[in-house]
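One structure is given below, represented as structure tokens, and several questions about it will come after.
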Amino acid sequence: MKAAVLDFPGSNCDFDMYYALIDFGIDAKIIDARQSNLDDYDAIFLPGGFSYGDYLRAGAIARFAPAMEAVKKAADQGRFVVGICNGFQILTEAGLLPGALRMNAKAGFICDQVLLNVENDNSLFTKNLSRQQLLLPIAHAGGNYYADQETLTKLHANRQIIFTYQDNPNGSIDDIAGIISEKGNVFGMMPHPERAVDPLLGNIDGRPFFESILQTSGVLN
Amino acid sequence: MSIAANPQLKSAEEVKSERIYAQWGLTDQEFKIIENEMGRLPNYTETGLFSAMWSEHASYKKSKPILKTFWSKNERVLQGPGEGAGILDIGDGQAVVFKAESHNHPSQVEPYQGAATGVGGILRDIFSMGAQPIAVLDSLRFSEIKNEQTKSLIDGVIDGIAGYGNAIGIPTVGGDVAFDDAYEGNLLCNVMSIGLLDHQDTIKVGQAHGKDNSVIYVGAKTGRDGINGATFASTEFSSQEESQRSAVQVGDPFMEKLVMDATIKAVREMPEAVIAIQDMGAAGILSSSSEMGEKGGSGIWLDLDKVPVREKGMIPYELMLSESQERMLLVVAQGREKGVIDLYRDAGLDAVVIGKVTDDSRYRLSFQGETVADLDIKLLTKAPSYKLPSKLPVHIKKASQQQYQPKISNPLQIIMQILSQPTISSKKFFYRHFDSMVRTDTVVKPGGDAAVIRIRGTKKALSLTTDVNGRYVYLDPYRGGQMAIAEAARNVVSTGVLPIGITDCLNFGNPDNQEVYYESEQSVAGINNFAKQLNTPVVSGNVSLYNETDNRAIYPTPMIGMVGLIRDNRKITTINFKKNGDLIYLIGS
Amino acid sequence: MFLAKIYVTYKPSILDPQGEVIKSALHRLDYTDVNSVMQGKYFEIKLEAKDQRTAAKEIEEFSDELLINVNMETFTYKLSEISSVEE
Amino acid sequence: MFLAKIYVTYKPSILDPQGEVIKSALHRLDYTDVNSVMQGKYFEIKLEAKDQRTAAKEIEEFSDELLINVNMETFTYKLSEISSVEE
């Protein structure tokens, strides 16, 4: 599997994601988001950070970066598109995922580890999870997910909600922590699985997430 | 020589007769030295340059005699005090770079931006040596939490550190915080940063060499922010004076991330082209350029018309002293400018040649086609230093004659009271706002005794902590200094790691007060004594004097930042009890 | 030269968490008369355009495209001609 | 009931990093006519007060105290009486 990790000006989890992917034997490259061709990649990762300083709104400016056209193309073609934290914010701003992310209900940046429920264990990203809950790091100031009632009804009906918080840290509507697109190949979440893959750092709950992606992409089987 | 006469500015004669220099912090005697050494009167701009460079903040004129006593050499030391940051050898061609900075007064006046720009400044100190910053720690002191005002100061400082560090993507992994009314009206905000150099041969120091090499300005544009910041940091506070607010600077972590990544890339890709780098901190272009010139034994010529500006009509005095953030000064080999400039431009940054290195030991500025300053660079950068008188504080004399026996009637109640003290209780409320995990190298996160950061690709890890107890130092400066080191070392050792070096931030009151000077002298002597015994040289640091409000000094607070090294990261230990039935030992006396 | 003052607010149906936080802070400071607080964004943008209509069109376009998130925000604006010297 | 519309902006000499980044983004989107962008805050606050003067006084007070950072920002406001039903 060939994966691109996009580097927007201000991204700061690009290397973390890159190292995590490498760790799973994925052929990953960090790609400058000013580049506009991503045809070579089976999966595209939008990492965490503060693209363009998160000025205006998180993800608002990044969605116009040249690479985003290529990301749309990849999404249309059914390739994997994964946005973590700031990457999730960019995907919603770009309209590749429904809804929007507001500032946390209790103001301020939170860095912690939180328990997530796996709401749908049959998505491309969770098919092989074999776990009902995960403990994953969060680190964000704007993770308060919002969608209007109509969108929410659809999200529930299509089983697009993948992860919810057990103890909602940011005010997200319906405790939503991660969702997929209608077609199921675009995924976004606020928590950071790439920060939880190395036993030395004390948490490996992110591993099943990457393993699941690898398996559904046919590499492990 | 023609020194341009700007009709709006005071003439050299007026600067002298109206004692303009005194408003800027120079004493009559210092002005006389300048006049004598120069053989003429300094003009308005030149006087401004001296006032900034001879301020305590830039020159350490009052603390130098004390700083000189620091023990800072052993087999690991690659760079001791005097540069942007200190450097220690950690084997395999790698080195660790670290330093601490205070941003006390700016944070008292404008907590968010003061703390944020403190983080920005210390990070620039690290990456200007060519190193990749890998962690930040913060050491904070506030008054007891009594009212909304203290709370909003605390919130502001915490949010400022978080706002900058989180955005730039360097984890804030530890620090310490305590509350005591001694810091009422004069909080302490010290930040420490640690960087990694993968190849010792790419170490960059701020020394301008080579006639006709170019001086290149990179980063944000210059505005009128923080003019007089250096002199501001060197005077006491009065709770009355609102005018001090002109020193507020706004940080832009997004811009700094671009500057940081581009600078590290320039050093790695063009090590021979980039001869020297220095960040523009207090007294901006002035101190960075003159210090680089002086340390390299060179002169500097700058063309101020080339400086990228944000505001119109800035005069040389303002251009030179502005403390606009996120700016760096590079010396680049003649003929190699384009490669370096292109690299920064590609990152979307300003990079402009603004001057040259000369071989005549002069510091010359040109503005609108005229020479506006022409000074001996050594005179400018070497303020006279003062050995001040000291005397045993009265409170110590008194205390030594008293006996105090705590009366304990209800131990349980007392334990509960102690645990509920903000200084003692968990600091999670603060550090949960900091991204302590970004870069995915944090092995031991905040909440333990010290933080531990692994060095990716090796089995090595670094342990980091900041400590000092101002009350101990107040009661016994010498032993208090020793105890600061001992506490830091205990914290590092608790993670299973061997301490290897120290940085410091010496926060004291007004040094002209003999008791305060005694505290500084004695506590540093104590630090020194213990640093030697532990073989942990003091390789960098920072001095913050005049920490007083309405003539009341803070507790003497020499903050110690300590770094430890472990070769096998499997041997790192953590604070929590591991399992039922394990034995508990008490070690020590 | 034109000056646009653009006001961005959440759509009425959307809870504004920052507004709520500020309201409670005002209450704690004893401004208990305060009934509701809504926090939005305010932009002052100067732009060249051949006439007011063109300027208005441009502003509406880029506000929708960049300045607001149409899922949750709306905007209003005021436009006036200014002399270039004011710049 | 009164409605106050409060506009908070940076003082002129203070760096506005957001404004600069938004301006470049607009330029990249081909709105090259845009000359300058300043981002500030906008509040709509409803409050009870016995008369307009009292309301004005209160608004000025709490704006200085809480809404703005007096070191870097200034504010202007508009005040109007509204019927409580509009609430």
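A, B, C and D label the chains in the order they appear, each numbered from 1.
Keep in mind that, in the parts below, a contact is a pair of C-beta atoms (placed from the backbone, for glycine too) under 8 Å apart; a residue touches a chain by one contact, two chains touch by 3 or more.
Per UniProt, the chains are A = Phosphoribosylformylglycinamidine synthase subunit PurQ; C, D = Phosphoribosylformylglycinamidine synthase subunit PurS.
Since the structure is predicted, the reported quantities are computational estimates derived from the model, not experimental observations.
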Those chains which touch chain C and also touch chain B: A, D
Pair of chains joined by more contacts [C-beta pairs], A-C or A-D: A-C
Distance between the centres, which are taken as Cα means, of chain B and chain A, whole angstrom: 37
Intercentroid distance (Cα basis), chain C paired with chain A, Å: 30
Chain C and chain D: spacing of chain centres that average the CA atoms, whole Å: 9
Multi-chain contact residues (two or more partners), chain D: 17, 21-22, 25, 29, 39
For chain A, residues that touch 2 or more chains besides their own: 52-53, 55-56, 61, 64
Residues of chain B whose C-beta touches two or more other chains: 252, 254-255, 348
All pairs of touching chains, each written as two labels joined by a dash: A-B, A-C, A-D, B-D, C-D
Contact set on chain C toward chain D in their complex: 1, 5, 7-9, 22, 25-26, 29, 31, 33-49, 58, 62, 65-67, 87
Chain D - residues contacting chain A, complex: 17-18, 21-22, 25, 28-29, 39
In the complex with chain D, residue positions of chain B that touch it: 109-110, 112-113, 220, 223-225, 245, 248-250, 252, 254-255, 310-311, 324-325, 348
Contacting residues of chain A [partner chain B, same complex]: 9-10, 12-13, 15-16, 19-20, 48-50, 52-55, 108-112, 137, 139, 141, 192, 194-195, 198, 200-202
Residues of chain C that touch chain A when the two form their complex: 13-14, 17-18, 20-21, 66-67, 69, 71-72
